[in-house]
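Next, two complexes with chain A in common: one pairs it with chain B, the other with chain C.
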Partner chain A sequence: MTTFLSFLLNGLSLGSLYALIALGFVIIYKASEILNFAHGAFLLLGAYVIARVEPSVGFAAAVAIGIAVTALVALASEQILFSRVRSAHVASLTIMTLGLDVLITTDLTRRIGSSVMSLGQPWGADVVRLGGVNISENRLTAIGVAFVLIGLLFAAFRFTSWGVALRAAAEDPEAAALMGIRQARVGAVAWLIAGGLAAVAAVFLTGSPTPGLEPNLRTIAFAAFPAAILGGLDSTTGALAGGLIVGVAESLFAGYSSDLTFLGGGFSVVVPYVVMMLVLVVRPAGLFGTKELHRV
Partner chain B sequence: MRTRRSGLMRPVAAIAAVAALVTAASCSTKGDDEDTPPAENSTGVVRTGAGIEGDVITLGVLTDFTGVNAASGKDVTEGQRIYWDQLNKGEKICGRFTVELDIKDHGYNVQTAVTQYAESSGDVLGFVQVLGSPMATALIPELEKDGLIGIPVAWAKNLAASPGYAVPGPTYDVETINGLDYLLSEGLIKEGDKIGHIFHDSEYGNNALEGSKFFAAQHGLTIAEQRIGAAEPDMTSRVTALAAEGVKAIVLTTQPSQTAGVAAAANGAGLDVPLLGNAPTFFPTLLDTPARDNLIKNFYLVGPNVGVGLPPAADLLKAYKDKFPNVEPSNSVVTGYSSSKIMELILQKACEDGDLTPEGVLAAKAAISPAETDGLTGTLDFSKTGISPSRESFLARPKPGVPGSTEGVEGNYEGPTVAAYVRS
Partner chain C sequence: MELDVSGLQVTYAGVIRALRDIDLRVGTGEIVAVLGSNGAGKTTLLRAITGSLKRHRARVDKGQVTFGGRSLVDAHPADVVNRGVVLVPEGRRVFGRLSVEENLKAGAISVRSRATRAERREKVYGMFPRLAERSGQRAALLSGGEQQMLAIGRALMSGPRLLLLDEPSLGLAPQIVTHIGEVLRQINREGTSVMLVEQNAAMALGVADNGYVLELGRVELSGPAAELAASDDIASLYLGRGHADGTDREAPGKPGGPGGPGSGVGGSGSPGGPKAGTAAQQPTLSRWTPPPRGRFGLLGAGAVTGAGRP
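Entry: the complex of A and B
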């Protein structure tokens, strides 16, 4: 039972980070209908900036700088690349994000090189014991921070004018525009927030028991992509649920892999995609996504 | 109708023209191969062929500067550069040939490696480095078809079974048996224990598993297997599962970052047991991660060559420090240096036999056995394909602030169990 609880807690902590990343996908999708494939690159960028500046400015300031830089780069990408061609087909814009991802990742991979960079998390490898189950302080903090941020975002969607505008723009862009909602501004803020969330997730994804920042971090971020899709790409609740489902599934499949040898080694890495496909077969719009209705 | 036809005809004609050009080009290449025999000639009493122009021998290097094993690829290649620079300034091959390296970065991608092999194979006398089990495995048929020699930076048994490869040390199964023998002799594990083995589901991991299973059968141990993917990032659940099984040690056949992941997760799970890693599991930067303390306390590295801080590698360390005063080398530089030493022994033997053609070099591989590398590796035997070229391993512990960030604890170690090991 303790072992199962350990797997569950590890899955929830990983899942809450996936949820943060998936929320970034969802916010951008709601604001602009673009699937942002460069999100993993933003995550890598956030971690890289923090790792580079931490030795000279300390951890807290480094995290603030990392979040600011990543958010601004995300905003700049939107302003320079995407807002200029707003009339272009969404598919073209999505492909553009792939190009952006390759550009940023290639450069950062070159800069990171062969080292495993530390972000200098002050909690290091410390461990907390919760009811017979051990969890790294890093992962426990991650759960707390993720849920606070997700709660704040949910409140922002409901109670701020930007949140209402975002929901209106997602619901019916034309009607929202006619009502005087400035979609350019809604989109810009969405990219800014998504970039910031990626940097926050990076802090915890590179902490114990993960050894630190290495280029492989981007592929970890990709596990959040099926999380966003299975939750429903236009649903923030879906991002949270999808993230947790993917994290727990990954952890359980890795933990019980010796009883599942017929699935082969490393099956836990593909579990997010298998779960996504199973969900989409039953619910094509995802668990909480809006069904598309066409009047005929 | 007419308009449409002529509209269609233009691209069709263009495609036909391009196809004709491509066909002509490929015919002409083929014609060159068939009509012009390889530039085989006689240089004094030594026959030479492909891969030698004038007094220069070209050797291929297929390495990783940008993929998951970039850290080790860079150091292996630097060890090789240093070796051949020293040789070129000194005795040379046959007293007259210098060696140049044709270095290509495959980024740990099998398809890229295969393409690069095709580009280089006609211009080199052999490959002094093919880094990575998957790449080396994919190139087995190519090397055998072309009759070229290759030295893999990988120690899986399928490579030792290929007549083209000279594996520069014991295969992973033998290495794992030696590592476990060391833990047993030090009282870190005992007969009847259960031990965990976290390994890649690949030639690398499965070959090491053969070793741990053999050792377990000989000593009444039980192995708890954790078969993982090469890019699996989170080791927490794997280690939690092993902790639940009550393992007394964990064998690692993983990437370096996964080693740190296991060490950190073991610390988190309260699993305070020895961790034994095969050669590719450790890199000095792991001591900058949160796993540092547990690695220093519990990690044992078993590898095919001596550490960079030990006397047999003293020349290499000095040359490296002269070249890069502010960089700390890893033990991978010794792998590059020793594999170059093996290639030199083969080339000098081929020269003695008067045949530096690719066929002559391949024949010299078996003829150098038993080969000594001045203590860089154990004694090597390439006389029979399929056997592990060596049964001697080197054991080390992580130690910050020393060359390679490791401290040797046993050199040329051949445990009692490996003598009984006959590979299936």
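Entry: the complex of A and C
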């Protein structure tokens, strides 16, 4: 039972990080109808910046710088690449994000090389015992931070002008424009926030039990894509639910892998995609998605 | 502040001319009705005023649109709102997944001051008590009439000096249409000019000071609303069956101007509807039987007999 609880707690932690990434993915989609496949690259960038500047400025400042740089790079890519070609087909824009992803990832992979960089998290590899369940302090902090940020973000969707404008523009861009909503501005803010969230997730995804920053961080972050899709691509609630479902499923399959050898080793890696496919077969629009994803 | 449209010519995709040489004026404090059948260019005119042409791959070739002396041509829709011109779009277009209150907030996005927003919201709730009762509900759950109220309220949140409405009576019950007419008068009394684009001529000319009739992208008639209402053309074409028409219309969807005279006419829902032979004496509306090009379409119904070829 305690092992189960341990897997569950670790899964929730991983899932809340996936949710942070998936939320960024979803708000970008809502604001600009682009599937941003460069999101994993943003994550890698955030981690890299933090790891590089941490030795000289300390952890807290490094995280702030990492978040700022990632947010600005996300904003810059939107301003330079995507907002200029708004008339292009959405599919072309999505492929452009893939190009951006390859570009950033290749460069960072070269820079990181074969080393494992540390982001210098002050909690290191400490382990906390919670009622008989062991969990790394990193994972526990992740849950707290992720839920605070997600709470703030959800409040922003509901109560700020930006949030209302984002939801209005996602539903009916033309009517929103007629009400004086500037979609370009709403979109710019969305990219900023999404970039910042990716950097935050990077801090915890590179912490214990993960040894540190390796280029394959991007692949780990990719699990957030099926999370966003199974939740319903245009739903923030869906991103949260999808992230948690994928995180818990992955953690449970990894934890019980010795009992599941008939599935082959490392099945947990594909679990997010299997779950996504199962959900989509039953609910094509995702758990919380709106039925018609094709807007006119 | 007055709206002045002069010599306006608009072309879609570089080839389809939707408006030609339109002259139109909405004076300060006026209510102006713009009538016309489908494809007459009413919506295009509104797009030209609200800066939405670009979205529809259209542009102004010639002419001017000014509000308070400043050009609105090529302005961003948000700038048009900031200058005090706001549109209640056709089909209401409320944000269905947002609550009533959030819809109003979306309408007030150009308003910086929280106090002003709150004050306008209370005013809208005062004008439409039903919206206040349902402030927390998703707009998609409102009835058609309530959605139209919300669409009007949402537009008022920006504090417009000129309110544009695109067929607000579309698909609504007669008493709600009457109510909308009263609401527009009230809004106007409080100092907002109104430009009302309608097919329901009875209501539109009932509340308006002046009116224009568009046909095939041109202004075919204009003058004081009372005179237009008294004129024979308008009486037989728009007022004769004016009321029933508002509800009839939804059924076949958007016939889109050049649908061809013969196609889908029977589906309009009018019992035993006037077919080609009888169309001459009782044209319901020229949209089902597009008038021959180049003539004043409203009067051209006689020619339909010829058009209804076997």
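Here is the rule we use: the second predicted complex is superposed on the first by the 292 of 296 C-alpha atoms of A that agree within 3 Å, B and C clash if a C-alpha of one lies under 4 Å from a C-alpha of the other, contacts with A are read in each partner's own complex, and residues count from 1 in each chain.
We take it that contacts are C-beta pairs under 8 Å (C-beta built on N, C-alpha and C of every residue); 3 or more make two chains touch, one makes a residue touch a chain.
Predicted model, so just to flag it, every value in this text is computed and none were measured.
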item: Superposed partners chain B and chain C on chain A - clash or fit; value: fit
item: Touched partner set for A:Ser6, first chain B, second chain C, both or neither; value: first
item: Contacts of A:Ala176 with chain B and chain C, given as first, second, both or neither; value: second
item: Following superposition on chain A: angle at chain A, chain B versus chain C, Cα, nearest 10°; value: 140
item: Partner chain(s) touched by A:Ser92 [first = chain B, second = chain C, both, neither]; value: neither
item: Partner, of chain C and chain B, that touches more residues belonging to chain A; value: B
item: Partner chain in contact with A:Ser161 - chain B first, chain C second, else both or neither; value: second
item: Partner chain(s) touched by A:Thr290 [first = chain B, second = chain C, both, neither]; value: second
item: Chain B versus chain C as contact partner of A:Thr261, first or second or both or neither; value: first
item: Superposition-derived minimum Cα distance between chain C and chain B (Å); value: 28
item: Sites on chain B touched by chain A in the complex; value: 66, 68, 70-72, 74, 200-201, 205, 224-238, 240-241, 243-244, 256-257, 260-261, 264-265, 267-270, 283, 285-286, 288-291, 293-294
item: Touching residues on chain C, where the partner in the complex is chain A; value: 50, 52, 55, 76-78, 81-82, 86-87, 89, 93-98, 102-103, 105-107, 109-110, 154-155, 158
item: Of chain A, residues touching chain C in the complex; value: 161, 164-165, 167-168, 171-172, 174-182, 290
item: Residue ranges of chain A touching chain B (in the complex, touch as defined); value: 2-3, 6-7, 10-11, 14, 109-110, 113-116, 118, 121, 124-125, 127, 134-136, 207-212, 214, 216, 219-220, 250-252, 254-258, 261, 264-269
